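There are structures below to look over.
Paired with subunit B in one complex and with subunit C in the other, subunit A is shared by the two complexes that follow.
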Partner chain A sequence: MNAAYLRTAAIAVLDVALLLVLSPLFEGVLRKLKAALHSRIGPPVVQPFVDTLKLLGKDDLLTVHSRAYAVTPALALASVLVLGTMVPIGGVPPLGFAGDVVGIIYVAGVGAVLLILTAFASGSPYAAVGGSREMMALLSVEPVVAVTLVVGAMKAGTLSAGGISAWNASHGPTISMTLAGLALFLAVQAQAGKLPFDIPEADQEIMGGPLVEQSGPRLALFRWAMWVRQLVFTLLLVELFFPWPRSGVFLLDLVSALAKAMLVLVLVAVVDVVNPRLKVEQAMGYYLRVAFSSLAALAFAVVGM
Partner chain B sequence: MITFRLLEVAAAFLVLGAATAFFTRRRRKVCGWVSVAAMGGAAVLMIAVAVRAFAGAADAEVSVLPIASLRSALSVRVDALSALFLCVSGPVAWMTTLYSVEYMSRYTKDSVAKYFPVLLLLFFSIAGTVVTTDLFWFLVFWEVMTLTSFFLVIYERENRESHRAGLKYFIWNQGAALGMVAAALVLWRHAGSFGFAAIRDALGALQVSNPLLAHTVLFLFFAGFATKAGLLPFWNWLPDAYAAAPSSATAAFGGTMSKLGVYGLLRVFLHLLPLGSFTTSWGVVIACVGLASLFIGTLAALQQDDTKRLMSYHAIGQVGYMFLGIGAGLALLRTNPLLGTMGLVAGLFHMVNNCFYKSCLFLGAGAVEFRTGGRSLAAMSGGLGGVMSATMACSLIASLAIAGVPPLNGFASKWLMYVTGILGGEVSFLLPVAALVAMFISLVTLASFLKYLGGAFLGAATEVKGIREVPMTMLAPQVVLATLCIAAGLLPIVPLRLVHQAVVGLPSAAGLPALSALVGPGPNLALVKDGVVLATWAPMPVALVLLVLGAAAFFGLQRAGGAATRTVPVWAGGEEEEPALMRYRADSLYRPFKDAFHGMYPHVPPLQLSVPVFVRRTLDLDRWLFRPIARGTADAARGVSRTHVGIPQVYLLWIIVGAVAVIMTILLVSGGAP
Partner chain C sequence: MIATAAAETATLLRSRLGAGVLGAREMDPDLLWASVDRSCVREATTVMKEIGSRYLVTVGIDERPLGGGYGIVHLFSLDAEHLFIAVDCPVSAGDPRIDSITPLIPGASWAEREFRDMIGVEPEGHPDPKRLVLPDDWPEGVHPLRRDVAYNYRPPSVEGFAPELVKPPRGSSVLPVGPFFPVLEEPARFRLFVEGETVVGCDYRGFYNHRGIEKLGDSVLTWDRIPFLAERICGICGFIHSTCYCQAVEKAADIEVPRRAAYIRTVMLELERIHSHLLWLGIAGHILGFDTVLMQTWRIREPVMWLTEEISGNRKTYGMNLVGGVRRDITDAQLPRILDVLKTVEKEALAVRKAIADDSTLHARTVGVGPLSTWWAKEICAVGPPARASNVLIDARIDHPYAAYDDLKPRLCSSDGCDVWARVIVRLDELEDSIRLVREALANLPAGAVRAEFDEIPGGRVGVSAVEAPRGEAIHFVMTGGENRPYRWRVRAPTFPNLQAVPAMIRGQSIADVPISIGSLDPCFSCTERMETVSVADGSRRIYTLQELQALAQSARARRGNGDGGAP
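Presenting the complex of A and B:
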């Protein structure tokens, strides 16, 4: 029993460390790729690390003073890391005993709540617009994520994320799971905050939206949280809906999961490069259609396909 | 017998407290503190009764005040369901009374004699409703509850709005209650008594002999309870009445009174109605109405600008969650007892949670109104959090709880509901869809409460000069309720045990699976079947990991560089603008989303009865009786007054004319003979 506990704790620590280190690295690779598509040289791959390190030492400019306001960036980063430990990486979610897919959907919301609260609290009108858009983005994307996870839960007969992953790995592709996976892939674009769905941040328009009044270490942590978030959602996609091949060896599965996540993120970056930003209404309409289409996956799941 | 004695003392506390409060009405604070003391005593006794009932002390039914002609008596028995409602509404009632002491100083023109005694009588009737096992007395207490709450709604004498709202409230609830009286009379005719046990037998027989009548009776009860709870087709009165009453009374309505709709529902459908096909079909109806209610009620809430109206619409949405859970549970109870029990437990657990956060939210809105005098979010300048930080903290916790943010209590009950829905997919396609709709609506709830927090509390504190935190007696109730939200969220197994005991204690729900079959032995919730974990929620580890990682991120990253902090004004694109000019108002939030759902909002035109003209004329006594008499009298008086002009000659003339007239009359009467 003790060995099992130790193993879970070790995997949790490993996952947290991997997410913290790899998410800026992946972002760096994506920037390089985007630059290549733009025919630019682009920043070095480690640029996100360098930016973060520099920001951590910069002055912290605050518009309001309150103890709760001071800790929101740290809590936002912590909440996506908790989310990361609830999602299987290499087939094993270390915190899987604590939360199932419903927990994943709601813990994913915690980070967004903290960001929106920070935006409203900062007192900037740009941040308020950004917070409002962030909420609308959540309202349009979250139903898609929920539908796909419910499809997975119904197919596997369990709500546990690890259980769904294992079931899918052993049963091979099915129509409903593939459809659900495609829908979740479309949702990842918005969850990662990439074009054409970077509406809440919209740098050229509302100057970073919720983050407009964040600077120094606060900005660094919020950005880091965003990078972790995009990696976690990609891992959720590949581990639950495209878990093959699963070798059963943890480290091997871990590497293959990360490689697949990288592949998905490359696709996301390509879509980002070739698309202009949508308006909020257009994005909502798009995801409404995706959500209703993904109900087809639910229908297939009900009839057992 | 001990239970009955305790309840007697509690009732004496409340009634004598009401009388004492009435006699001390000239001194507002004394009147308030008398009420707090009386309610406190009663609440402690109610909890004691509940503890006895949960511990399994089987007190026999006690009957007093027999009415021979009706074959009814005030019978009292406290089962686990009654105990659950007693131990939740007692403390909530006490907290709202404590809050009222200071809060009522807002109303300088109105006497507190109209408030505190009535409030105590309201709590008395609520306690009476949940402990009696006689349908006649149930309805008597129910009517007293409607009447006392009506007087609380129309508390402000000079506020026409509140009088209109009160009238609407009274008509809707009285109409619904009359339906319940009719249903009770039908059952009484068949059962020969108002006792629950006899009625259960009669309703069972009626299901077979006359299904249509049985359905009608059940519909009338359902309509009565749905009206009190504010469910969709019967919700019209609720936002007006909740907004009109003083905030402390609104908290009492939302935290205790409206929940009796849920109590009545369980009492009728799981106690008076024997388990059968009726349970299943009515479960489907209840679940559908609940789903519609949570969808439309919550989307309508997003549109609201007035803080209390916003929360009132959420009350409609939240009660939809409860009815959805209970309805799904009733529908599944016969075919799949495990999921059925989960649905019932989820609905009732959500009710308990809702009592805590809903009353805390109303108290918070009241605190804002107490200090700023405003309820319109668009007109608020924000930034109250800088000066009312404790109130903001409580409102923040309650807002996140109602939106189902883990690890607070709202999430625990919603989790149970979603698990029921998703795992119910093998029974019906509609259950997962209902769960998905409920998940989406929980996000809308989040949006709506972020708007409330943003509009009232968050932002730069530039326009809040002279505003202070509310007094301790108003703060303490909010802190207690917010703490309960956190505690029930971190240790959901404790309230769940009580809730499960309350459900399985009902006659039609006997023999359902034990709680450990549903969510494991605790403290973590885990639904395990055949050794496979189907669903799991462990709030403690999640909260612990979140805190540890948060602290690590704060000290290890955010503050590790030792960055200096500086205070800067809000950046406005280089312009120097007044904060008031560049504020993003709360009503601008989520505009595109609100517009997208614009067609969804229920708009019920005010009820207009058209009565034939002649009936109205006949009933209009003014028109053909009083007004002609009054006009005739006035004309006659004017004629008489015209004769008195003040000229002696005219008076002399009148005397002569009068004398002649008198003589002529005498001559005429006597027939000429002297």
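Presenting the complex of A and C:
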């Protein structure tokens, strides 16, 4: 019994370490790709690490003096790491439990809520506008994520993410799961904060929005949280909705999941490169349509397709 | 034909104003100078509006050393007849007041505020008589363009001064854009009054960059130095300003520019339009978060910069113009290279155009955004692509042909879209047309000299010149003086009228639309405010000795050398 706990704990720690290391690396690769499409050379692949280390080494300039405000960046990073432990990786969620799908839906919103609170607390008009945009984005994207996960849960007959992944891997593609997967793919674009949906940050309009007052270690942690978040959501997508081929060998499945995640992120980056930024109400309209489309997936799931 | 129009206008003014017309004469073939009594200024303006002329700018002149008072000269353009009309209203020195014409022509607002600041004549009945150019803590009663104020006058410093700010309407809050803002390349301050994401109003304060270029021109420099200063008015369309200044002097002094020089100017002007429009397209993309457009257009633009470097020696700020012609010829050996670059630029610009033409996300961000109605564009006297994109059919190259545009007819690119997208399309059309114009100019390049010699330029003459800059029509007014320099040199950059359209364009829009709405004007604050950098160097030379400057440069090198990873 104790050995099992230890093993779970060890896997969770490894998972967190993997996410922390891989997410800046993936971001670095994406920047390189984006630069290539821009006819630029671009920064070295390890630049996100260098930036993060540099920012972490700077003084913590708190513009608002409150204990709660001081810890929001760390909590934001922690929340996405917790989310990461509930999402299957290589077919197995490191800290999976019965009903963890509900947990995923809730924890997924925590990071955004922390960012919104930070924005409103920081007292800058740009952050306030960014915060309200972030809130609107959250409200329009979260339903899409929820509906797609419900489709998975209905099809697999379980509220466990690992269960859904295993069911999908063994049953092969179905109409409802594919549709739900596509809807979730569209949501990843916003969850990763990429164009045309980087509306809350919108450097050219509101100078980074919620992050305008963040610098040094606080900025590093928020950005790190953003990178982990884009990787975790991509993993959620490929593990639950596109888990094939699954060999049953953990390491092979892990590598294949990461490769598929990279592929999805490349698509996300290409969409980012070929689009200008939408306005927040245009983005909300878009996600409303995506949410309705994902209801179609739900309908298919109800009739068993 | 111009002469007929001038005579008819003079007759009309006389019949309407009677004894109010103090004199009317043709200064240039294309300039009617009408002196009217200041009490008739509104009536004269009404006549100008009735005959369909377009307000350009107002020039304030301190004529006290000449034995007069102050001259307030409203400039108009009768585009169809290619005629400039100057309505000159002498104002007595003891009673410096004149009726404001802003109630008749909203576009005159800034120009009137400017002469209020700079010359000290009060525009009576102006709806918003506050400072435009002078800093808020500038002492009362010091008007820099008066002849008795030295060019290097420095007001005493003021402590603890806070300017009074316009209060936002009830229920709205203030979102500052500027003085420094990511997508404003230069300082300007728009205080947006917002309700949620909707802009309900704004307050503008600019002219943080005013460096007194006009003052330097009419008190320190000489005829042939000013083109180099004029070129530094703008970092992008500098050649426009040096050409415009030279043409104004050439008109005033009756200097015939050799045809070859006129063609070379045309080539350089159009090359400048090509790289400026590509630059703008990139910035517009960047404002919308579409950095791919920025990176690609600036990559396409770069060979044009190398080309101008090959022709003039400089990527920008060519230093080619002089009164009477140009300093650099285009050799036959350069022609194939220029044509090669044009071919590449044309091909790649077309590819960009194709890529963005049907981009639905781009349309969502630009169609219907930053609206400027045809009516308001005319009222506010907008110029250039923003005016043409609002279906106001004006183009200085056609309205007042200069350089070689009498031979090489430009296409008037316009649209009735009245929004940001229309401004994109107009500029893309102009880009193509500019490439054609350069090709035609090079194919028909006449032989001969590139510069005319001239003798002493007599005083008391006036020249008005318009040049179609990439951003719109630039106007230079030169009144000659006897000291080998202008008595008064007035520059009106295209952004000066266009920026006045901003409040109407962003009212009711969302915050997200504000940067691209302002950006769609291709605003150039340094042009508008006539900032320039050479005067700093000039000033430095007066303060520092050469040795001191060298020591300064060496210490800067030393500092760089001590920094981490610095060059040896």
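Observations
One rule holds in what follows: the second predicted complex is superposed on the first by the 301 of 305 C-alpha atoms of A that agree within 3 Å, B and C clash if a C-alpha of one lies under 4 Å from a C-alpha of the other, contacts with A are read in each partner's own complex, and residues count from 1 in each chain.
Definition applied: contacts are C-beta pairs under 8 Å (C-beta built on N, C-alpha and C of every residue); 3 or more make two chains touch, one makes a residue touch a chain.
Predicted model, so just to flag it, every value in this text is computed and none were measured.
Once the two complexes are laid over each other on the shared chain, residue contacts for A:I206 go to subunit C alone; subunit B is not touched. Contacts of A:P196 after superposition on the shared chain: subunit C is touched, whereas subunit B is not. Of the two partner chains, neither subunit B nor subunit C is touched by A:A257. In the superposed pair of complexes, A:A297 makes contact with neither subunit B nor subunit C.
Within the superposed three-chain model, A:L62 lies in touch with subunit B and out of touch with subunit C [touch as defined at top]. Contacts of A:V274 after superposition: subunit C is touched, whereas subunit B is not reached. Of the two partner chains, subunit C is the only one touched by A:S39; subunit B is not. Within the superposed three-chain model, A:I104 lies out of touch with both subunit B and subunit C [touch as defined at top]. In the superposition on chain A, A:P125 makes contact with both subunit B and subunit C. In the superposed three-chain model, the partner touching more residues of subunit A is B, compared with the other of subunit B and subunit C.
Residues 125-126, 129, 132, 280-281 of subunit A are contacted both by subunit B in one complex and by subunit C in the other. Against subunit C, in their complex, subunit A makes its touches with residues 37-40, 125-126, 129, 132, 195-196, 198-199, 202-207, 273-282.
Partner subunit A is touched in their complex by these residues of subunit C: 173-176, 181-183, 196-197, 285-293, 295-296, 299, 359, 361-362, 364-365, 510-515.
Residues 382-383, 385-386, 389, 393, 400, 403-406, 411, 415, 418-419, 422-423, 425-426, 429, 432-433, 435-436, 439-440, 443-444, 446-447, 450, 453-454, 458-461, 524, 526, 532-538, 541-542, 545-547, 549-554, 557-573, 579, 582-584, 588-593, 596 of subunit B touch subunit A in their complex. Contact residues on subunit A toward subunit B in their complex (touch as defined above): 12, 16, 56-66, 68, 71, 73-75, 77-79, 81-82, 85, 95-100, 102-103, 105-107, 109-110, 113, 116-117, 120-126, 128-129, 131-132, 135-136, 138-139, 142-143, 146-147, 150, 153-154, 157-160, 163, 212-213, 216-218, 220-221, 224, 280-281, 284, 295, 298-299, 301-302.
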